[in-house]
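Structure provided below as structure tokens; questions to follow.
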Amino acid sequence: MSDHIVWIVLFPLMGAVACALSGALSKKLCYPISVISMIASVWASVHTMMQAIESPVHEISYILGGWSLDLFPRGVGIEFRADLLGALITLVVTGVGLIVTLYSKVPVQRETPGKEPMYYGLFLLQICGLAGIALTGDAFNLYVLIEVAALTGYGLIALGSNRAAAATFNYVILGTIGASLYLLGVGYLYLKTGTLNMVGIREVIEAQSLYDSPAMQVAFVLVLVGILIKMAFFPFHAWLPNAYCHAPSTTSCLLAPLVTKVMIYVMIRMVLTVFGVEFSFESTLWTEVMPWLVAVAIVCAAVMALAQREIKRMLAYLIVAEVGYMVGGVWIYNYYGLIGSIFHVISDACMTLCLFLGAGIILEKCRTTHFDGLRGLFAKMPLTMIGFFIGGFSIIGLPPTCGFFSKWYLITGGMVSERWEYMVTLMFSTMVMVVLFFRLIERIHLAVDESGKNLGKGHGDLGLTEEQTRFDEAPLTMLVPLLIAASIVMIIGVYNQEVVDQIEVFLRAYNLPTGVSYK
Amino acid sequence: MSTAAVVEDIRPLIALLAPWAGMIGIIWAGEKRPNLRELFTFIAASVQAAVVLSLVPIILSGAVVEFHIWQIFSYVPMLLRVDGPGLLFACVASLLWIATTLYAVGYMRGLHEHAQTRFYSFFALSLSATMGVAFSANLLTIYFFYEMLSVSTFPLVTHMQDKEARTGGRTYLGYLLFTSLCLLLPALSWCYVWLDGGHLTMDFIEDVGKVGHFSEATQIVLLLLFTFGFAKAGIMPAHSWLPGAMVAPTPVSALLHAVAVVKVGVFCVYRVYADVFGAEVLANMSGEEWTMVIASATIIISSLVALSQDNLKRRLAFSTIGQLGYIVLGAAIATDRGQGGAVLHIAMHACGKITLFFCAGAIFVATGKKYVSELRGIGRKMPLTMGAFMIGALSVIGLPPLGGFISKWYLALGALDRDAMWVVIVLLISSLLNVFYLLPVAVTAFFRTSETENDPSFKEAPWSCVVPLLLTAGGCFLLFFWSDVLLQMVGLNP
Amino acid sequence: MKRAAFILVLLIGLLLAWAAKDFPTWGDPHAPASSSPVSSHFISNTGVDTEVPNMVTAVLADYRGFDTMFETVVVFIAGLAVISILRGGPTRRTRDREFVVDFEPDLIVTNTVRLIVPVIQIFAFYVLAHGHVSPGGGFQGGVAMGASFILIALSWDLKTALTRFPIERCFTVAAVGIVIYAGIGLLSMALGGEFLDYAHLAKVLPVSPEMARYHAMLGVEIGVGFTVSAIMFALYASLSTDGRMQDGL
Amino acid sequence: MVEDGSIFSQLLVDRLNYFIYIILLLIGLWAMIAKNNLIKKLIGMSIFQTAIILFYVSIGVKEGATIPIYLPEHDPHGSHLKVDVNGSEKMLPPEVLESSLVPGYSNPLPHVLMLTAIVVGVATLGLALSVCLRIYRGYGTVEEDELLEKLEREDARNTGRPRRRRPRRAPSEKAVATEKLKSGNPRPRQSRTNRKGAKAGSSEGTRNDSTKSVTEKRKTVRKPRKKTSPKPKEDNS
């Protein structure tokens, strides 16, 4: 049976309910419950992935409620569809979720004492929502799941300090606008096609050739803008840096790698599956306009990242820049760009996870993530720093981390489409990231301070106190997830071909231009 | 070459992994057991050198050794292949690593340096990356090891951890990562995608000259991207990281910035010229002379700059830039003898220049002096060191019976094969400039009298510093007399 | 800033108006949405599939039951989030008094409410249970039920209401609601169907598959009602007291 | 595209529902973007969502159709007892509604969708209100400009820099003076005299690094107090 696909969502859901119920008994139960339900969810998503690979059409369809799909256009029941893309993203979501769950024990106790049941409840529901987004085949169900993810996100962020609550308000407003625009767009789609099933909508668009209909064009704009707001694409990014920066550290570890990436997945899904390649790329002006917007977005986000003096805030702007990469990868409109975009979704989730876990550990041990607090941390926490740097190298795009390979495909895509503006900004932001991370490395390894002065006498004397150089690693529940994440970054890099193969199988179903030389 | 017999062998991988194993041992031994730690370095270096040397007979018999590690992309494997030029480079690097290790022990202990464990670990890592470059069989593989080398040498360059080190490290990484990420990566991606008939592996044997299918303009752009992209080759204007990197401890300057890192750069450039574009394509390219002009300009300008440097290590650094120009020039000449001469020059210059760096370091350890003007009369106190310096200088200048002569001879022959008389003139002028900036150092040391002649602190450096430099100075002679083996390795008949 | 916002809003309006030109006219029975096979299927087959006369209920709880489950989860999330956002944390001392209302419960009001509340609650059950044949259902019933508790809190004070329905119990009840919903889905899965495929419940219920759907929908609606009523009250209780659960309105 | 009269008839007569929804949507959007009070923003959000709900529900309307609940004659449940042709009553299984009867019922799907959307809207509103309360608790205001000002001040004060002072080399005389000032008044914002001292210090020509950074920080703290209106676009959550 292909029941696994629905278990992916159900395990976290049941875990969340169990956490809420167990709060009355003992707050200590929440952590093990969360871990167990996440392990089960990962197990289910691995199974789903295997089934999707093995199935002849490379996708699994599961109609909730057992309704038939015979109708044209389909759409009577709600469908869960795991094609290879959805299965991959689900695997990423649950995997990242599991790692963050493992990590959460110490910081949750410290940052939100007494609220563990609610925290873990929201936390698991967040993963549930995100995994559901990756799996659902119904445009309206997607809206509901987006709201599940969004509301849990608001809650998880606002749980922290008053400052976090203030940051959340913007997120609520912008997030609601984004989701509502998406809902409106789906309404337009429904109005014109009469179904809500994603494949059904495309079937109708193709059958009735609705390519030039103004309503469909506006529906596309609404859906796209809604998703762009939710993914913090540059002009709409205002909610992201503050929200991620002031959120409790576990929250930012979960949200930062997943939320924006899953939204990019939604965009790819909308572009390819719902509207179809012909509508999205060839009957709108977006293909011409978007790469330029992306170029502006990447440059602005990168420059803003340069101005930050705090790790979490810097990383938040990096995410905005990375969102630009991925959106650009889609809109340069070719086979390689899309491979790069999808692969970057996966690899960026892993490396952002790595960086945020590292930042969380720094916050836990040093009580600050400001650059000035990092002097000579390498002596104190070498393993953490190695994990953090692996994430950083991956963001820069050094082989053999996974960041290199996704960047490789993005660059290739840009070349094939001759989108030089995208290429140049990609290079520019790569250099910005080199600066960002080697600036951190200077702080951490060379122990220089803001003014560039070395406070010690040189020759090994870095002006650090005994306390600062004593080996003092984070607790194992935090360190091990970080190292797992770092090794995943490397493993995905080394075995990138296994992942790319699946993406290629997925993309071959769509008629994408492949450039000059593709066989 | 494409008909050469292929031998599957794991030995290249062993040469690659020996430093990793050594690094684990080094970290395990740590600061508390320095002797054990340095023993591990020795063992790793010796194993590497032994493995590399054991490959020599196979290569001399005309075969190549291959080892497939993993598949980078479905269409590009990470393939190790040992051929003549690669093996020559590997031999030089691994043998000189042994000498450098010996030297480093004396140097680091003599100066009571901090964080020696880190130093030895990353040193080993760099050598692994160097082996990887030497043994790479295609462009992407070479790129991987190239980047690994950039990152793993950063802690070595910034070893002093002070402001100067920070500046040096910034320049170093800034240049290397900018060029490799912004110039090299697009060029690579261009090569892999835009070749007609699907993906190529850009293999150094199978796909030589396939870039000839591009338009002329594209070819020139690619050639320039590669030439400047491999910024480790120090072609002007992408050279200024090298003098900056001289803040590193002398063993690092010696091995990495005279042998491993810069030679990796020129070796990559050589691979691009000889095994990606190939002599045929280059000969038919109309804009190709410009690369020769750039290389020549680099040679002359850097020699002139070297004349004005008073800091001995900086002077040597600019000398290195000039000598790297020779190699790029040789590769760009695109004749068999020119390119052979380029590879030979990697070995010859390495041996000579490392001697000079060792001497500079030995002087610093013994007397604390860094500037040429301070060296008056030092030759009488440190005759062995300065004698070796003399030999090294003469080898770099290119006088027989020292190694440097052979390579310059073949470079000149290659230029004549192409009827490029002006290249020969450039070579002559630059040799003359070499004389002007290297010999005065020795002359000052031996023939000028110092004001502080009776300073008792002037003595020879510790034996572990002196022995390696004597060995490498001897190596300069040996390279001259064994040049026929080397010539055979690079595929030239003596 | 405001002018820019105004222009932006106007532009969006123009865009939407331009799109509206392409829409079918109001009430057009041949509009794609109204005439689509999906919609016709709901109208013509609900009776056969589920025997529920109210198509909205059938579509809500059965055809699109998965949406509704997550909708319930959204309500649950709102409760969790509001409580956890407001609970604890430093309060502004000077403003504490704003929430304190000093009054005696009014005799007339309390007595009227005493009479009304049972009626409201019975009506809530009616709305919930009768949702199959008339407008109504779990959400509506749940909201009415929650309103009855809010009415108690308004006429006496929050403490009185909280003694009848403590905030911890709110969460238990809300969670139980979801457990009921998901449990029915899981049960149908355990009986060999797909998730939320109620027809398979006929294997354990002494009715036909169609009636099994009918009854399962009732169960599902009850679950929704649990969650909604509990969370509505919990929302009111925490929002009106700034999370301190005392001295509220 | 825009002939005389046609735009009116198209928008205001044939598609009045869409016209109204657009107006409502714009009102809501305007309130969300331009209103200064957070609660008003939330009201705008509600209007915005209501507009969308109106849009959806109006999709479901069919002319001449009744609500999507089976009329008694079509009721599948309860009235299975049907009179046969022969006059005998029989239990009949429910039947598929004839296609000619389908236009008689309005489309149930938009109603279902909007039930969900309403609930989501309520949940969002509740959550947003709690966030507002939390903001009010922390900052004592729900006016956006005041809030931004306070947030900016807080961020300037609380840059996340580690608090511990590093050992310095022998400080110059002026640095010592400012150190004294600082130790007397640990927080610059609390005391007026301290700020004056810092100002005096800043007017002098030569300063030590530490003095400079301190005065600069105070300046940034001071700025927003002078005027009430500056509204930074960036960083305004």
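Should a chain be cited, it is by its letter among A, B, C and D, assigned in written order, with residues numbered from 1 in that chain.
Simple rule for what comes next: a contact is a pair of C-beta atoms (placed from the backbone, for glycine too) under 8 Å apart; a residue touches a chain by one contact, two chains touch by 3 or more.
Computed from a predicted model, the values in this text were never measured in an experiment.
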In contact with subunit A and with subunit C at once: which chains are those? Just list them.
D
Please indicate which chain is farthest from subunit D, where distance is taken between mean Cα coordinates of the chains.
B
Inter-centroid spacing, subunit C versus subunit B (mean Cα positions, whole Å):
73
Centre-to-centre distance between subunit D and subunit B (centres being mean Cα positions), rounded to whole Å:
61
As a quick test, compute the distance in whole Å between the mean CA positions of subunit A and subunit B.
43
Taking each chain's centre as the mean of its CA atoms, subunit A sits from subunit D at a distance in Å of 23
Among the residues of subunit B, which ones contact at least 2 other chains?
none
Going by the contact rule already set, what residues in subunit D reach two or more other chains?
25, 29, 59, 109-110, 113, 116, 120, 123-124, 127, 130-131, 134, 137-138
Among all residues of subunit A, which ones touch two or more of the remaining chains?
140, 144, 147, 151, 154-155, 158, 162, 165, 190-191, 196
Tell me, which pairs of chains are in touch?
A-B, A-C, A-D, C-D
Please give the residue numbers of subunit D that touch subunit A in the complex, ascending.
25, 29, 32, 38, 41, 45, 48-49, 52, 55-56, 59, 109-110, 113, 116-117, 120, 123-124, 127-128, 130-132, 134-135, 137-139, 147, 151, 154, 159-162, 166-167, 209, 234-237
Would you pull the subunit B residues touching subunit A in the complex into a rising list?
70-74, 112-115, 143-144, 147-148, 151, 154-155, 158, 160-163, 165-166, 169-170, 173-174, 177-178, 181-182, 185-186, 189-190, 192-199
Which of the residues in subunit D come into contact with subunit C in the complex?
1, 10-11, 14-19, 22-23, 25-26, 29-30, 33-34, 58-65, 67-70, 74-78, 93-99, 101-103, 105-113, 115-116, 119-120, 122-124, 126-127, 129-131, 133-134, 136-138, 140, 231
Write out the stretch or stretches of subunit C touching subunit D in their complex.
1-2, 5-6, 8-10, 12-13, 16-17, 20-21, 23, 25-29, 31, 33-34, 38-40, 42-48, 51-56, 58-60, 64, 67-68, 71, 74-75, 77-78, 81-82, 85-86, 89-92, 95, 132-135, 139, 210, 214, 228, 235, 238-239, 242-243
Which of the residues in subunit A end up touching subunit C in this complex?
3, 6, 10, 13-14, 17, 20-21, 23-24, 62-67, 71-73, 75-78, 112, 114-115, 118-119, 121-122, 125, 128-129, 132, 138, 140-141, 144-145, 147-148, 151-152, 154-155, 158-159, 162, 165, 188, 190-196, 200, 204, 213-219, 221
